[in-house]
Every structure is written in C-alpha cells, then in structure tokens.
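Going in written order, the chains are labelled A, B, C, D and E, and every chain counts its residues from 1.
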Amino acid sequence: MSEMTEIRDVRTSTVGLKSFFHQLSKNYVAFTAFLFLLIIHLAVFLGPLVWTVNPEAVDPINALAGWSLEHPLGTDNLGRDVLSRMLYGGQITLLVGFGSMLFTVLIGGLIGAVAGYFGGWIDTILMRFTEAMMSIPNFFLALVALTVLGKSPFMIIMVIAFTSWMEIARVVYGETLKWKESEFVEASNVMGSSPIRTLMKHVIPQVIPSIIVASTLGIAWAILTESAISYLGLGIQPPTATWGNMLQNAQQYIWTAPVLGVLPGVAITLVVLAYNFFGDGLRDLLDPKNSRK
Amino acid sequence: MENLPINQMNNREVLLEGRNVKKYFPIKEGLLSRNQKFVKAVDDVSLKIYKGETFSLVGESGSGKSTLGRVLLRLYDLTSGSISFDGVDITSIKPKKMRNIRKEMQVIYQDPFSSLNPRMKISDIIGEPLEINKIAEGVEKHNRIVELMELVGLDPTRMNHYPHEFSGGQRQRIGIARAIALNPKFILADEAVSALDVSVQAQVVNLLKDLQQKLGLTYLFIAHGLNIVRHISDRVGVMYLGNLVEVGEVEELYKRPAHPYTSALISTNPTPNPRSTKEKVILKGEIPSPSNPPSGCRFHTRCPFATDRCKNETPELVALSNSRSVACHYPLV
Amino acid sequence: MKELLRVENLSVDFQKEKGFIRAIDNISFEVYPGETVCIVGESGSGKSVTSLSIMRLLEYENGKIANGEILFNDQNLVEMSQEQMRQVRGNDISIIFQEPMTALNPVFTIGKQLIESIVSHKHVPKKVAWEQACELLALVGINDVNVRMKQYPHELSGGMRQRVMIAIALACNPKLLIADEPTTALDVTIESQILTLLNDLKNKVHMSIVLITHDMGVAAEVADRIVVMYAGKIVEQGTVYQIFDEPTHPYTKGLLQSIPNESGPREERLYSIKGNIPSLSQLPAGCRFHPRCEYATEQCKKSEPDLVVGNNRKVACWNFERVINDKVEQ
Amino acid sequence: MLQFAIKRLGQSIVLILIVTMITFFLMNLAPGGPSSMMRMDATEEERAAISEQLGLDDPIPIRYGKWLIDAMQGDLGLSLSSGQEVTDRILERFPFTLQLTMWTIVLSIIFGVLFGIISATNRNTWKDHTINFGSVIGLSVPSFWLAIMMILLFSVQLKWLPSSGVGEGSLLDQFKASIMPVVILSTATLPTIVRFTRSSMLEVITQNYIRTSRAKGIKERTVIYSHALRNALIPVISIIGVLIPRLLSGAVIVESVFGWPGMGRLIVEAAQSRDYNLVMGVTVIVTVLVVVCNFIVDIIYSKVDPRVKNMG
Amino acid sequence: MRKYILIAIVFFLAILSACASGNPDKKGTENAANGASKGEPKDGGEVFIPIVGDPIFNPWHPNAYAESNIVNRIIFQGLTKPGLDNLPSPSLAEEWSTSEDGLIWTFKLKQGVKWHDGEEFTAKDVAFTFNELVLDASLGSNGASNYKALDSVAVVDPYTVEFRLNRPFASLPAYLAFNSEILPAHKFEDVENPWELTSFNKEAPIGTGPFKFEKAISGQSVKVTRFDDFHNGKAHLDAVTFKILPDVNTQIAQALSNELDIFVLEDKSSLERVKSAENINLVSSDITRYFWIALDLENPKFQDVKVRQAMLHAIDRQAIIDSVLGGYGNIANAAITPDQEKFYKQDVTSYAYNPEKAKALLEEAGWKDSDGDGILDKNGEKFSFTFDIALQGDLESIAVLVQQYLKEAGFDVKLNTLEWNAMIQKNVIDRDFEMILNWWSYPSDPDVLAQYHSSNAQSGNNIPGYKSDTLDALLEKGQAVSDPDERAVVYNEIQEYMSENLPYLYLWYPQELSIRNKRLQDVPDIHFGGSLHYINEWWIQN
C-alpha cells in the first residue's frame, strides 16, 4: 500500500437510504435527473387520473389542431388528444423499458452469476454463449423475430431482453469472479458457510451496485430500442400509444405538423438522458472502486 | 528454546500432518493441445505440525508456501498425498463434513482490506462464524462479540462501524477476532503481519502470542519477514519452488542453516544494525517458473555450491538430527 | 562541503473535496554530494510525497507545494516551470519507484523506454542512443543486452525490471538518484542484489542517493545519514550511527525497538508503540506523536516542537534529553 | 496464431450454424409467406403454383437441410422476391453498408479517441463536462428522430444536404449524401468510444509507468499521446468488436431514414416480404462480417498489447 | 465549443421555423388539372419519378408489384392501352373484333414495331407471352387469374392473333390494357424457368415501349432512355430516371426541391405542405379502386342485411374522407367506380351518416343495448367482434376511426393490427376474420365477378363469402354481352343490387392525387398510371 493511495479519502458505499440521498443530492446532475424522472413517472402514472381524456377517442374534424384549453398539446392526425396520448404512451413506454430491463437483468444476472460462481464447464458454455450472442447482429434477429412472432408488449419486452442481456451477464460474471476469489469469501468458507450462503451473503451484495447501475442504464437502452423498433413499424401496435409509435406516426407529418414529432422525441430523449445521467451518478456512488480504496 | 530430548520430541502430539502433498494447477491451453501443463505449486511435501507450537513457512514469492497452507486446510483439493488433522484423515472428506472440521482450523489473512466484507458491520463480521455454526444468538451472541473484541484489543463500542473506518492494524485485529470466535485449535496466519507498519506489526505479533498462550492455539505462520519469523516460531520450514528444502528448530536453523538456500535467505536479510559485518550470500538470478522447474535439485540453478549431481539427482528431505531435516546433497552442517 | 540538494521549510498540500490536506509540513533537510540519505517512516509519514515534490511530479497527482524551497545546485526547483523541470528530470535528478512490475510501460520495449530517456536529454542519434542503452543495461548487470532491448517488460522478472528502471534512471548520469522504496516489492534475495547494485553504482558514477524506505534494516545497510519522518514531519535526523546507536526521538527509538532481533536471545514480547498512526486529516494537536509517546507531557499536547539542533544532529522533541538519559539507564 | 485461428473458425462455424437455424425456423414458422403468394387478389391455384416453384412444400427441417447443404457450397439460393442470386443482391448492397459503417468507425475512432483524451486530460473542467454531457446526449437521442430533425434542418430549411440517397455523380455529391447518415450512425458509436477512452485514459494516467515517463523528463505531449494513449487504446480496441454489431443494427435505422441502399434496409424488406433465402443470406453475411471484424480486432489487439501472446 | 452551441441554437431555431412553416393556415391554391400545353413541345430533358423498391422488368413475374408496373409500362407495351376515355384503345394491336359467340377475339397487330434490340415484333411474341407464361399454371404468373377464360392464343399470320376463349369474356380488351405487356419471345427461347432469367428480368429487359432500359442500381435508381425507333412517335424526353425512395417524406422533400417530377401522393399527411409549394401542380383523378369492409358472412351476426346497413349508417364516411383522404374521395355504394363513366351509376341506395337510423335498424334486427353498458346485445349475446387490419398506408388510421364510430353505435370492436403478409394468411387464405377493411383495384372494366361470384366464396376473391344466385346470374351475364350499351344496363342493375344487399360494406372511391412539377407539360389529365401510357408525349418546359 503506497502512501499515495492511503491519502485518498475513503468514501463509503455502505450507507443507508438517507445517507444515499444525501450523497446523491451532492451530485447535481444525477440528482436533477432523479428529480426529473420522479416527476415524469408521477405525471405519466398519476396524470391520467387528473387529465381524463380518452387517448383513443378520435375527432377527425379537429385533427391536427393546435394548442387549446381543450387540448393543451393539440391533437394528432385523427383528432386524438396529444396530452392524453403522451401520458398513456409514456406509461407503456416506461413499462416496456422497465419490463425489458427486468428480464434483461434477470437473464443476464442469472447467467453471469452462475457462470462466475460455479466456473468449470458451466462457465465455459455460458460465457462462450454470451460472447456469441454479443458478436451476432442480434438486432437483425430481433427484427425478424418481431416481424414474424407478433408485436405484443410482452413479445417486445422479451425480444429486447433477449438481445441485450449480454452486457449485464458480463458485468455480473466479472464481479462474481472477482469477489468469489476474495479473501472474505474464502474466510466465510473457512467458517463453515455453505456455498449458497456465501453466494447470497458475500458475493451478491457486492454485485448488486453494478446491477443497479446496469439496470438504470438498461432502462434507457430499452426505451431507445423500443422506439427504434417502433420506428420500423415493429413496435407496439396502434391504437395503443407509445412514445415510439407516436414518433413513427408523427414522421408522416413533419411537413405539416412537425410539433407532433418534436414532443415524443423530446420526451424520449429527456427520459433516456435522465436515466443515463442517473445511472452514471449511481455508478459514481455505488461503484466499489470508489468505495474501497 | 533448547532442543528437546528425542523421547519428548516423539511424544509430542501431532495436530496436522501432510504426507507427500502435491498440488498442481493446470495451465489453461487451447482446446487442441494434447499435453496438459501444470504449475507445480506444491510438489511432494511432507510435514508435521505439533499441538501448541508455531510452525513457520518461509521462502520467496512463488515458493508455494501459501498454496501449501491452503491445501493443508483443504481449501484447495490436493493433487495427491494425504492430510490428517487431529487424527482424522481429511484427504478426501466430504465438503459438508469438512465444514464441520474446519471450525477447528481458521485463517488470518494478509490483506486486512480484502479479507473483510466492506458492506458488513464489524459485529456482523465477528458474529458471522457464530451465526453460521449456530453457536450463539441474540444477547449471547452480542456478549460474545464484545468479549472477542475486548480480547483482541478493540473498542467494543465501535461494533457497529464498517471496516473502512478502522486502521490497518485494527482491521487485522478484527480478522483475528473472527478467527478465534469458534475456539479453533489451529490457525493459519497467512502473511498476517506482512502488510502492517512496523510499529503496528509488533502489536499484532504480541497479540498473536498472547492468544496462543491463552487459548492453546497452534499456528502455521506464513511470512517472508525473517526477523518476525524468528521471533514467533518454534520450528521453521523453508520452501523453494514447491519443495520443502529444510525444516528445523528456529534458533538452530538461524544459527547454522544447513541448506544453501536457507543460508542465503538469512544472510541477505537486512540487519537493523549499521555496524553489522555479516557476510552476504548473494544468489544469482531469480526463482524459476514453477510450471517448468529445473531438473534435479530445483535450487541448483542459483546455488553457489551446485555440482552435476545436483543437476541430475533430486535430493530427498533427510533428517540431520532429531529436529532438523534438509534436502541437499551437500548440506552445510 | 556544499550541499547538492537543500529542502527548506517544504510543505505540500493535497487537494481534496473539502479543502486541502497537508501531507508534509515544513520539512528541511539536505543531501551532500556522494552521500546516501535514507528517509524512513511508516505509511502516511510523507516520505514518498517528499520524493515526488523534489521531482515536481506532485502537480500531476493533485498535490501542490504550498511553501518552501527546494534548492538543487542553488537553483530553486519550486520556482521552475514544468518545462524547465522537464530538463532537470531524468537528467540531473532521477527517480526509481517501488513497483518495478508496473513502473515500466507494458506496451513498449525495454529498448525504446531506455532510448527515449537518452534521446530526450542528450539529443544524440538513435543509433548512438541504442549503444548507450546497451551499455547501461550491462552496467546494471543484465546479460544478453541485445535480446533484452527488444523485450517487453512483462517478459522480465521483477528484479530485472528494477534493474532496467535503474538503467533508465542512470541514463543521463544524474547527480541525484531518488529511490522510492526500490526493494519493498522484491524478495530478500533480490533485494540484496539491488541494494548491492545501487551501492556499487553510487561509487562508480559518483552520485548522491536519497533512498526512501520503511525498513530500518535497509536503511542501516545503505545510509550515510537518516531522516526519520512521522505523520508529515521530520522528527529526527542524523548519521546512521547516531540514529541507530542513540535514537533521541521516542518514535525512532520505538521503531528500532519493535524490530525483533535477528540474532541473540529472543524476546518474550516485542516492544511496541501503542496506538495507531494518525490519518493526515485528523492530526492530533501539539506534537503529532504525543498520543503514542511514553514521554509525552502537557507541553507535548499543546505545542509542536521544532526541529532543534543538538549534538550535531536534529530532533523534534520537547523531551529529547529525557530520552537520551533513559537510553543511558538501559 | 494458427491454433488460435482454427479455434476461432470452429467457434464461428457453430455460431453461424446457431444463428441460421434460429433465423430459418423463426422465419418459416411465421404466418404468411413470400409476398408473391400473398397478393390480395391471387387465387388459390396461383399460390399453390408459386409455393411449389419456390420449393416451399417440403417440411421446414428438410428445407433447412437443403439450404445448409447449398450454403456450405457457397450457394445461398435465389431471392424469392426477384429471382436473382441472393449473393448478387447482397453484393449490390454490401458496398453501401460498408461505406457507411467504415466511415462511421473511422471517424468515431478518430474523434472518439480525441475527445476522450481531451476529456480525460482536462478532468473536471468545462471541456470535460461538455464532452461528457455531449456523449450522454448522443447516447440518449433516438437516432431516427435526430435524423428527421437533421433532414428538417439541413435538407428542408437550409437545403445544404440531400435528404436521401447515396448521391449520384460527383464525389462531392456522394460526400454530401453520406454526411448525415454517417453523423447519425456515429451517435451510437462515438459517445461509447469517447467514454471508454476517457475512463481508460483516466485509469492509465494514474499508472506508475506514466509517473515513470514523466520522471524521465520527456515531453508531456509524448507522455499523453505516446505512453498513455497506447495503453488507453487497448480496452478501446476491444470495445470496437462489440460496437460493430451495434453499428450494423444502427445501419438498419439510418438506411431506412436516408433511403440508403444497404443491407440493413434489405433485411427489413426481405423479412417483410418473407424472402426466406434473402433473409438467410443477409443474416449469414452479416454474421460472417461480424466474426471477421472481431477476428481482425483480436489481431490488432494482440499487436497493440504485447502481453497478449497466445490469443484465446 | 462556442461553435457547437451556435449549431445547437441554429438547429433549435430551424425546428421552430419548420414548425411555423408547417402552419396549416398557409393554404396554397390548388392548381388542379394544369396539364394544358404551354406552346410547342421541346425535345430533351430527363424526368424523375420515385418508386418504392427495386422493380422487376417482367410484368408477369409473381413479384412484379406496383413499382414494377410503373417502370414496365414505359418499357413494354400491351396489345391495348387505356384510352383517355378509359376505354381500351390501340397500342400494339391496331384493331380487334370478336366472333358472334364471343369465344374468339382477333387482334390485328401493328406492323413495323421494333423491339429495343432491333428485332421485329410479331404475333409470335404475343402467342409466346400468353401461351408460355400466362397460361402455364405452374408458373403462377402475376394476373394469370384474369385470363381464366382464355384457352390459347393462336398465330394466324405474323400480324394477326386469335384469342380463343372457353366462355364469353367481354372485358378482354380492357384486361389486355392492364399490366398485360407483351414480352419478346426470342429472349426467352430455351429458358426453363422464365422467372429465373435475371439477365432479362433484372438486368437487361427488352421491350417495345418508348423508353429502353439503360441501367439499374439496386436500391437506388433505374434509368431508361428514349427509344428512337418507337413506333408511335418518338418521345420528347431524353430519359426517365426512377429513383428508389421508399420514404414518403423524402419523396416530398425532393418534389419540393425539383428533384422529382411526378408521382402519386398516397399519403395525404403532407398535403398542406405540397399545396403551398409553388413548383408543384396537384392533379386529382378518379381511379378504378374502392375501399370496403368485409364481414364474415358465415357468421350469423352479420348475415342480417339490416345489421350491415346499420353499420354503414353508423360510420361517417365523409368525415373519414375529409380527414384521412384530405377530401379526395367519394362515398361508394357499389363496386363500379366513377371513372368508368359508361357503367357507373350514381343513383343507387345510399347510406348517409345517421346514428339514429342505425340504431333503429339494429333494433329491428333484434340488437339493443338492454343492460345499459353501451354495448348492443341480443338474447344475452353481446355484439362484439375483432376488427383485423393490415399495416398498410392509411388503413390503420381509417380503422381507428371506423372502430370509434362503431363503438358509438354500440358495437364492441377490438382492433387487431397485423403485418400485411400475416393478414393475407389469416384473413384471405385461412378466411379467419370477423371484420376486415381493405380495397380492390381492378382493370378499367366493370367485370367484378371474381370478387362477388359464389364460386369464389370459399377460397377466391369473394372474401366476405357472399352467396346470391341473383348476383351470380347478373355477373355472368355481364361477362357474356360484349356490346357496351347492353353491358351498361346489366352493370347498372348489379350496382343497384349491391347497394341494397351490401355483400361488402362500401366505403368510398378514392381519388388519386398526383404531384406534378410545373415544368412538366402535356401529361394527360388522367390518373398517373394511365398517363404513363402517354409518356412519349410528355415534355419539359425550361
């Protein structure tokens, strides 16, 4: 241990929720992102209780109307209320993002942890498979799959999850491998702990921060992927609104009503941006690299 | 300490014994390569550790001393040979049973940073062995933790702090408290004081000695600091490239090393005395790779006294006296 | 004799999130031509920081010289620009570091790293530099120099790498070589090789060495004079014999006492200094050593002792006379 | 080296086999059939005739077997939607995708590394914050939306750049036509490279050998651009292998928005018209492409990092 | 860095200004029908036309879709072509006649017609095209089903052919004008599978049309140049380039910047913008196409004609035309389109938007919202069904509107969107649907037997599965009489029948809206597809 490292001050990662928020509030960007996400989620999920206009109610006479009291954000090409569609669409978009992330983490975490902890041929097979999945253009596979298997939200979640779990698997694998070899894990074995207990008590808690960071960034990634899939017409199908398919729909109107496309585009960008910044902030807060020095 | 008479020596009870222990690590190679290569980390080592003594292993890095320690505790499976602990053959014992036996064998690690889970409180770390083995719960557990902390010289009021809030020496004390929580018979101290500052090192060494007396512990002490080893050990084993080249009573071994390697180690150890006139035996080159060790005596490539015989013939570890064995064709004593 | 290096009232700060931490506080010492000065101390004592501040490398690592002068051949290094300093580094003053495994750039050959050093100061053609590099490698005891020149650091052992580091440091015949724990990461057998090499070289090329170590044994073997540091301060300095024969600071004394004997009777218990090394951000008031000191008085708690001259040596202790007397009693 | 190549080849073959199998079964289990059969006004007889002609009457596994045997002989079959050789159709499109992705990769590496270094060497200054912020934004904007906005600005409002196509005639036209697609495609890769270079650089400049090189008294520029960069690039190279599939995925979108006649658009069209052979063909070619790129990346990696001796 | 901020600001402002310029208030005057010649035609120049995919230069190829038809129409020629009055007029055939029984049609071919490679066009080519391609059932030629009545084509002499039929087929000349171009027999000699002859179909087609193939770049463009030996008056234009531009926004962008000259504006989203463009004429024209809803008539719920009538009353078709189609369309009540002036009958039963009447009719049929949940029911069964819709063009928007209207009328409609191919599989081939919405497009002839005859109810084009002896008889009669006036009587009766009985729910006859650059002259004021037959008359005003 050189003196230089000794002098670095010790940051803590083993902090309670309260202290966590205290730390978070010091990272202005991440904190702003967090507040923004909080507001967006509240608006999207609670907003429809206040703004009760049916997002699917058409009114062809008032199509592409501008901003008014009745339609604060105007109407779309079929005269549907854009505000209401933004709120409901946001729900679907965020749920798809969250759902995809959940499955991504589940698949990736499981594969990574199992491969890392048990090693041997299980490791070899699982990690070779992970590498293979990483090196194939799986977006192409996703397109084919969605074209042919249908486009229900669940399907989209699964397709996104199945094409993006590899990164998490690698992170979890690396972390598991690292901590599995750590002396406190060996110490736990020496004390007579069973492998499962050691995994749960000593390995998983070290890996969780990385998973949290990865899942935050994963949501951002999933939202982007969903919107890209929607753009190609393979996303969640109308009349259900998502920001992605609203954007796709709006693209036809970039000449006559460009504002239709600006709104969902900005919404997606900001939410993804916020998740990315929040994730980066979390990484700084939770990364054991920063806490263990 | 005087040399014990032969009969007394033989009467001493063996706690841990390894016979012809080998530990080879396979080197990962391509799928297509036929002949698997190995790192021969421990190659045919036999030793006995008696109850209540401190046995030290010394040697350069890469000599296999840490591996040997872990093999003896069955933390690694051994490639061949046998190990018995307290009269029980633990060579191929089932993991579940081994977990039971291992309560008697604990480890103190070198790095007080990485051997403590950074996300656990001190009370949880020290309490962990109690919890795993269902020894104490609730108030009883709490009291035991306080007791252990006091025993190793830690302030029990800090039991709810995290490891990073402690200094290196204090962390090492936490590791010691955890190791003695189960009242083990045997402790492997793997470079337990090497990473500590000199002033703190002395505190920890004293603590270890105190505990040995109080609790009747047996230590396997792995270290490269020869001064500390001399201070703490009863007997010393010198390892070179996976082999045990010399074993003996500490005083005698330091005074009159029998193996050229032991002699070199001791002579090159810096003396905190500017007037020291000790003649140094400076060895040629460095320790070879354990994946491809030299033929014959493994030390012959660096030995100032090597002959052709050393190149071709592997010396056995033979007893020079009751208390001393050496693996050399031309021992210095 | 005129001193080669003179450090005067040097203080160094490190930038932290909340203000500064003073890593070394008002230290002064000097190095004469041809002598070996050892700076000893435990972790956090500021000895490595001292070496980096002489090289003015601290600026790259969040550090800042807050005060003081570093006079090298009467030039104040503190006032130099980084560009001027660049001319000094590797040329007049060289440094080798603790970790030979990581101190060489893994992606360049040994040859390139050596030649680079030569070319950047001597402005000789590459071919000449190559030859000089080969000579340097031979000088530090490396065989097969032509093969080694083309090898990468990972192909060499730790000891070899430290030899290469020394060769790089010697490339331009420096007047001062700073060796920052050069053997700590090495095994004793290799350590003795390197120390012997350094000693030989010092005599061959007539340079001064500042050797930084935590190992009193190493210091005893190589030092002409010793500077003892504790928690960012120099607590004592003197010749190697003075320090080892008659330590006047309680810390030096404790440090020496806590080393187990190498020969002679074994102690039942080791002498130990109580307590822990304080962190630089939470230094005690008064004398920094007072919480651990056997001789501490009320005065020690309140005010910090200066480095005073006594008996042809320097010590920072209010009670050094008691310490000396104590020694006599023993 | 040879052993490594053989091992990689074996892995790649298994990989390609798996990918083609998944794709084939996925495609064929899907409802609908080749578009020629799926005309609204086609009669039952017409559909039957076409199905027989296209050899769609056999069970799927047998068809996969046949396809595989042909494919192993280099015959990817005929496109079901044009009757051309699949290979020809892909070869027509391949150069365009290559052009797009090559430029993107080259520019992303140059600017990504440059920005990464600027960011790392000016840590916590406004330059660093700007570059960081910019790369997060780049990662966050949906690329097609950005593309549309750029078309609005540069094609519709300012009329500087064509909104679509690869540009006919002069080199200048071709250059202008590829600006927007390359820029958009870069938003997926450039920020990743910037961030990787930055963190890699930050880590490298704390390494001991950087301290050593400074201690040698060489110029700071040499320290950063030779000693640090060379090391910092090693992880950056490895990320490029991961970026290539992502780049090709991004190409699907960009090619769709900008009417760029590349393979990405081709596979979307092919999947929609159930041109089984063409989908298979593109899948195989793209997979092979990625495998080859990764192989090249590995070789470069081993050249840059002397520590990697026997790869794999 | 300041530069980036500047760019960002410019970018933002540009978006704002784009929004502003998209303001629908800025309505341009619509310059319909401005094809009138501005002086003498000039030779030279190149016209640019967008297509959405790589074409196949073989009109009979099963994969020859709309984009192929556009290109093929100017490279190849049929025996007839649609006249400006929408009746068949001479093209490769100069004149034709039919036998008494209507089973043999004789066509006199034009002499001195040259293929692009210099060979002469003869009866052999006609016979080859029909006998070897169209009538070979194993090939599944595109549109072969239109020629079910044809037995064979016989060469009488090099300039005379006989079409021999198995039943009277009055529409033959009209069908010959509809994507039925003649191919050069000499290029297909000894060819096993004509669809795999890519050297012709993709790379070097030979036709008799006014333009000959020059080059094709996959995914980018197809260029054709003037054929100087064209038999019907050399074209004025030097060349025509078809740009492959699948994205409609790009098409519009290029139309606005004079990079495209003429194409059909299928998607009306950008109508306002195009209207305000100064360089563009908009031409609307009737076409042979109508939109419909098909209900599964095997399903008892839909068998009651009152239910079907009520549904039509419940849908405000005019509102949909106005919003989705930009007003370009007329309410349809039967299958004969208004462009066929000779046969179209406007005065038939019509179903105005009238929710009250719909309610009344449903009540008559026994459907009523008895439990007040807003959904009709009858004998405890709710009136709920799924509405399948393919993702194609406007269909989705229309379906959403239709769904809402039907919901208001008390139907519980679930929308189910399908990809086009999947839709065909499910709805058309498997006949698995309750309600679908689509359109028919057919040659400019009133013969619509294929979509209505009960023999096509299970698997053919009679998608709703409508079965009526009366209608069958009328349709057969329409095919048998060849005198236009007599046919008109029959088809008027058919339209009346359709409008009363609603085999399909008729929605509207869309009008085609084409964009034409103002520099383009002498393009006839008919629909775009038809105008291509007269491309040799087009010219460019500088």
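Everything below uses one rule, namely that a residue touches a chain if its C-beta (ideal position, glycine included) is under 8 Å from a C-beta of that chain, and two chains touch if they have at least 3 such contacts.
Not measured: the values here are computed from a predicted model.
Counting hops only between chains that touch, chain C reaches chain E in a minimum of 2. Pairs B-C and A-E differ in how many C-beta pairs touch across them, and the larger number is found at B-C. Comparing the CA-atom centres of all chains against that of chain C, the greatest distance is found for E. With centres taken as mean Cα positions, chain C sits 51 Å from chain A. One simple way to say how far apart two chains are is to compare their mean CA positions; for chain B and chain D this gives 54 Å. The distance from the centre of chain A to the centre of chain D, each centre being the mean of the chain's C-alpha atoms, comes to 23 Å.
For chain E, the set of residues touching two or more other chains reads 15, 18, 249, 419. Residues of chain C found to touch two or more other chains are 43, 61, 99. Taken residue by residue, chain A touches two or more other chains at 1, 147, 251, 254, 258, whereas all remaining positions touch fewer.
Residues 73, 75, 99-100, 102-103, 105-107, 109, 111, 113-120, 128-129, 132-133, 162, 164-165, 168, 175, 178, 182, 195 of chain B are the ones touching chain A in the complex. By the touch rule above, chain D contacts chain E in their complex via residues 30-33, 35-50, 52-53, 78, 80-85, 88-89, 92-93, 96, 126-127, 130, 134, 148-149, 151-153, 155-159, 162-166, 168, 256-262, 265-266, 269, 272-274.
Touching chain B in their complex are the following residues of chain A: 1, 10, 12-14, 182-184, 186-194, 197, 202, 205-206, 288, 291-292.
Those residues of chain E that touch chain A in the complex are listed here as 15, 18-19, 22, 24, 248-249, 252, 267, 269-274, 316, 319-320, 322-324, 391, 396-397, 400-401, 403-404, 415, 417, 419. Within the complex, the chain A residues that touch chain E are 56-58, 60-61, 63-64, 77-79, 147, 151, 233, 237-239, 251-259, 262.
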